[in-house]
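In the two complexes that follow, subunit A is the common piece, with subunit B as its partner first and subunit C second.
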Partner chain A sequence: MADPAQIFRRIAIAGNPNTGKSTIFNLLTGMRQKVGNYPGVTVEKKTGRFFGSHGEAMELLDLPGSYSLQVRSPDEAVSRDVLLGRVPGTPRPDAIIAVLDASNLDRHLYLVAQFLELDIPVIVALNMVDVAEKRGLTIDLLALKNSLGVPVIPMVASRGQGLIELKQALSRATLHVSECKAQLPIVLEREVAALSRTLKCHAGSVRPEAMLLLSLEDERLAAEVNGNPTLLAEVHAARERLRLSGLDPIAAPVDARYAWVSEVCASVVHRRGEDAHGLTFSDHVDQILTHKLWGWVAFVAMMALMFVCIFIVAQAPMDWIRDGMGALAKWAGAHMPEGDLRSLVVDGVIGGVGNVVVFLPQILILFFFLGLLEDSGYMARAAFIMDRMMSRVGLHGKSFVPLLSSFACAIPGIMATRTIENRNDRFVTILVAPLMSCSARLPVYAIMIALLMPASGVWSQAGVMLCMYLLGILAAFVMAGLLKKTLLRSETPMLLLELPPYRAPVVRGIVQRMWERAVVFIRRAGTVILALSIILWALLHYPKPATPEPTQSEILSHSIGGRMGHAIEPVIAPLGYDWKIGIGLVASFAAREVFVSTMGQIYNIEDAKEDNEDLRTQMRDERRADGTPVFTPLVCLSIMVFYVLAMQCISTVAIVRRETNSWRWPLFQIAYMTVLAWVGAFVVYQGGKLLGFQ
Partner chain B sequence: MSETVQQILVAAAVVGAVVYLALRARSKKSGKGNCGCGSKDPLK
Partner chain C sequence: MSADAENAEPRSEAEPLSGLQPGQRGKVLAVDVPGSMRGRVMEMGFTIGTVIEVVRFAPMGDPMELKVRGAHISLRKAEAAGIRVQRV
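And now, the complex of A and B:
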């Protein structure tokens, strides 16, 4: 058996986006990288280890998907740089697993043609052979192997099929560099060889570097050879010689590779089983789901169904958690002596954390549905129908994945903007991503909807929730349009979107992600939310008024939190909010869900009852000085609109600072979103009052 | 439990919470932390 501490082979997994690279990475390493049935899920390299068939340790690099080594975005640059051995501290891989989608072989072989030019052994993982089969494609594996000159392993990675064969191929004592390559014009080969000699003094792979330099566009070339005028002059001279001999240095290698790809595909791919119009099952479904009108109807219907399920299915477990927290608070209250410590434990810790934990079932159901939609391939269709609207406001087509990820949390969404090559387009997406309703807003929406329409059915409640999500999308598009026309002008490139075939979602994967999400949520509740709740409790109790035996209202009003609420009351009064809601707004700047725990704490202090009433009941019973209810339907709507549009997330601020490498943009983002939220809430509240609503 | 002991415990809890959040913010700045949504900093 080989020594497990010694790395036998370093292998990179590379290929076009959405071919299942991360699924294979997870299968081999046992890790849990995020996977999804849409392009651009992986935006950075990930490293893992596994043991080959004979126990030899191997290091595996999961690279972001790319269409070509002529990179256009930062994530594609990661793949190219690793494969060329340019990344300090990351040795050039000993082999590449080229992951191909068997149902799109003609498109995916182009990148393989480039891999074969890198002079690294390649193993082809021909993934999704089941999908190709269903689409009526028969692939002659032997012919493919002979054409490429490398091992070809048919796989269905989502079911683990082909994994053993892949491991066996990777464990071979020696892997050979293929002799089969796209035939480049002789003049070009000569120039590549000449340039390679110049590059000899450089580390890394010389021939592929020379090939890349010759075929780069002028701007990118200048960036690549920055600081080396001799090399730049030589590349220009070589290009001039190529042009004189009638060859376009950029187009010639591309044409040669495509000609090779066509030749290979013609000999290995055989079609059968399409219907009379040449349409597959996915094509038929897409006729509805990407239709100008029906596409939107289907999108809205699916979202509405998701929210209805969130309300119906989550109700019982939410009640259990609420009852459990109530019982715990009662028990703690009964077993502790009266005083500040009991108040801290019962109101601060159990009340604060409990009111957030209650929403765990709803958040998990949201993630279950998002997982279903992602894995099935529907999200790419949603991107397609949204693209019409996005391109109208000038948003880059690639912005969809970051915006989509922001439904879960803005932070991975902002990270995913790295797939956008243009700086201005990327910054526009970063600036509008937090407008998409993340899962932390769900508790705020849910409690406000419960107050707004206590007696209404789940369909009406789901309808309001859907409207909040749509408002977020609309606000993001409008703001993107404004930013593109003012601060961050740039041309809008066309979106070339690959619609992956529909696949049956892997329930195990979705459940695994839900579990991970639950762990993250509970850990967050037990750490950050707990710490914030304790601090908030102190802010709502200290300093104590000097009067002997003050009432609970006096304590709250005299506290630092109470004073903060009073201080901002003039600003928020036009929105219909009193000073207690103001405390919630200020406290929830750290994290949106803290609003719910803050309200829980405030009303627990005020009520100071032993029975720990449900927060919804406490809020519904809350009255102003004149006896009118605080949480009228208009106030509830106004609060929801405020939370749709406000930044209110310190972690997002931190990540925007890091991704934009400046404080200017996060500060601008806080400012514009706060103003937008205030104006939105003002319009809802004052407009509603003018129209005669309460 | 005397009121003084209660006050000490409350103060310890509040200080602990502040220190925890401060340390967490510092570790996030150095890239070791976690954003809270489960996504690790990709730059590190």
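And now, the complex of A and C:
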């Protein structure tokens, strides 16, 4: 990789959401990508390197999709701050690639109008020219280039067309700042100039800063100039003068830019034929997918298909991994001398990590589906359909996407809340997101369902699984409604949601993101889970009882882990759990999936004979002192309910701490979810017993 | 329809965007969206003089889907009520 000092040009790639920005980013940088974070916020900073047409090293920064520099969400704030050179450690880019959807220049040129005000060279990547062509739009490229004053590269990024031309444009020795701009009303221009003189910041970004401040709504302005009363007073005075001269400071720049956009479009975009009101492909699809009846059918069918695939398609690769781990453990067992070290490697490391890695196929399938739904444009329709329901509990259709992603993992779900504009709504979504059954619960559900109904078919097992998911959803809704009425009271937020045209998803992009997730998951298995497995192994084996030749259950009972399990037994006995399950609960406080590996370790210790019996059989045969089975159906259900509702994930705690910027919220979240879990499990177990179940 | 009848039922009167039916179109006269989202509503294309088409209502009757400057944007009825339009 090139020396950072030798980077010829730093380029930012920006545009509205759903323009194919990431596809172009991937095309340019291939696998040479780096994902990090911006200081203070958790918005992903994606950078990549590539070489220009003459071999110049370039750095490309993928900015989050945004509609405007007048930001409304943390994601958009990052784009704005980078372009204004406000972010420490991220130099102001030397050029911007503005990615536009050629079939909707009317709207997408608005952001370009703002970029042109930034005094940074802009290169327009006019993406999806094929779609525009199909819709009967002819775009006069030369006229567009002349009206914008910047290079315009027509592209079909999904097929790699236009890449060479884009690279050539980026490699030019000098890039010019365009002279073309939207003409602002003179009074406004005068105020912007006056305010610019008082602002102290990067020389090139003074004017856009002033422009942004003048046209900010009062609610946001206060936050923006926080701690600078003189500036605030000056902005207010300037606005008052504007209002007196009959200008609305918020509407005026928007009107001016759109007037300019309309003028450009009128000379550049030509429609063929009379089909201006004709229905597009997306319109036809939406007639079904947002239909009063078929819309629901399609929605339910898609969700059902996703979960069925997770359970059926993932089965074979999961078996391979399980067999592989089993063979590895056997091999290690056969080649190591009897003793604690062998036990550590076989039970602790291979068993602990293996029981978690097994779930990789399910996680990948889930991410594949989520990627497909997102990239095809369906996710926005799901938000559209679900908004009415979400707004009942005071949430937003936009909260649907983070909550759906939380089925894979709460961490990307919580990160996806950054598109939610209102702080309180964002926090409510963050607080309830871990109630959505994430993939780490799958191992727990899977083993409990296998114990609960060993003889049943895949469909009825999937049915129980579905109930657990539904319970999580119900709990999330109830809690969201409660939180919105109490701690995080606010109006039901405004919905302003774009329904982008449907597109064939670029499978390569989805697979790349799946790969990234897989790496994160495996790294986690190799670090956090590995460490926890070793610690757990030690907790379950030490200290050793003083008696000579102790039996395996004496070792377990005497160990620290065993004592912890005994210590919490009074609290969990009303839920139907014995002290061994208690060990599992304690151990999985850091990560839910550890429950399964803990159970594996516990029963491996107990099971003196080294046979290949799998964990399920061992658990089924487990008996209490009085000879009754430990894992009765009711206990299995109670455990599942506990895991649906409990917050047991250190990584989520960390991300909530980062996203809410305080310890208050993650601690509150742990507290309320633990209480909820205990009460839920208590009701299931005791209620079930009252009704005469076992 | 006679000229008188047209005058008796003036078409130029401002009405809330939420009152339009799917397929109907209106020209924006005023954007009175409360709170901090007013600027963003305009930036999404709801500027004065723009013609907006109601595409459909969501399966549960709310929100509504609107076609603005070639893009499809969804707004709740309560919010769309703040956008006053003149039917065209």
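One rule holds for everything that comes next: the second predicted complex is superposed on the first by the 561 of 694 C-alpha atoms of A that agree within 3 Å, B and C clash if a C-alpha of one lies under 4 Å from a C-alpha of the other, contacts with A are read in each partner's own complex, and residues count from 1 in each chain.
Keep in mind that, in the parts below, a contact is a pair of C-beta atoms (placed from the backbone, for glycine too) under 8 Å apart; a residue touches a chain by one contact, two chains touch by 3 or more.
Quick caveat, the model's predicted, so the values are computed rather than measured.
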Would you sort A:R620 into first (subunit B), second (subunit C), both or neither based on which partner it touches?
neither
So, A:A591: does it touch subunit B (first), subunit C (second), both, or neither?
first
Winner by number of subunit A residues touched, once subunit B and subunit C are compared
C
Thinking of the overlay built on chain A, is A:D255 touched by subunit B (first), by subunit C (second), by both, or by neither?
second
In the overlaid three-chain picture, which partner chain does A:R190 touch, first (subunit B) or second (subunit C), both, or neither?
neither
Once the structures are superposed on A, label A:R388 by its partner contacts, choosing first (subunit B), second (subunit C), both or neither.
second
In the overlay, answer first, second, both or neither for which of subunit B and subunit C A:N104 touches.
second
Residue ranges of subunit A in contact with subunit C within the complex:
67-68, 70, 72, 103-104, 106-107, 110, 215-217, 219-220, 250-251, 254-255, 258, 282-283, 286, 290-293, 295-296, 380, 383-385, 387-389, 391, 397, 421, 491, 494-501
Residue positions on subunit B within touch of subunit A in the complex are 1, 3, 6-7, 9-10, 13-14, 16-18, 20-21, 24, 28-29, 35-39, 41-43
Complex contact set, residues of subunit A against subunit B:
43-44, 336-337, 339-341, 344, 408-409, 411-412, 415, 418, 516-517, 520, 524, 527-528, 530-532, 534-535, 538, 591, 651, 654-655, 658
Flag every residue of subunit C that touches subunit A in the complex, lowest number first.
31, 33, 35-45, 47-48, 50, 55-56, 58-63, 65, 68-76, 79
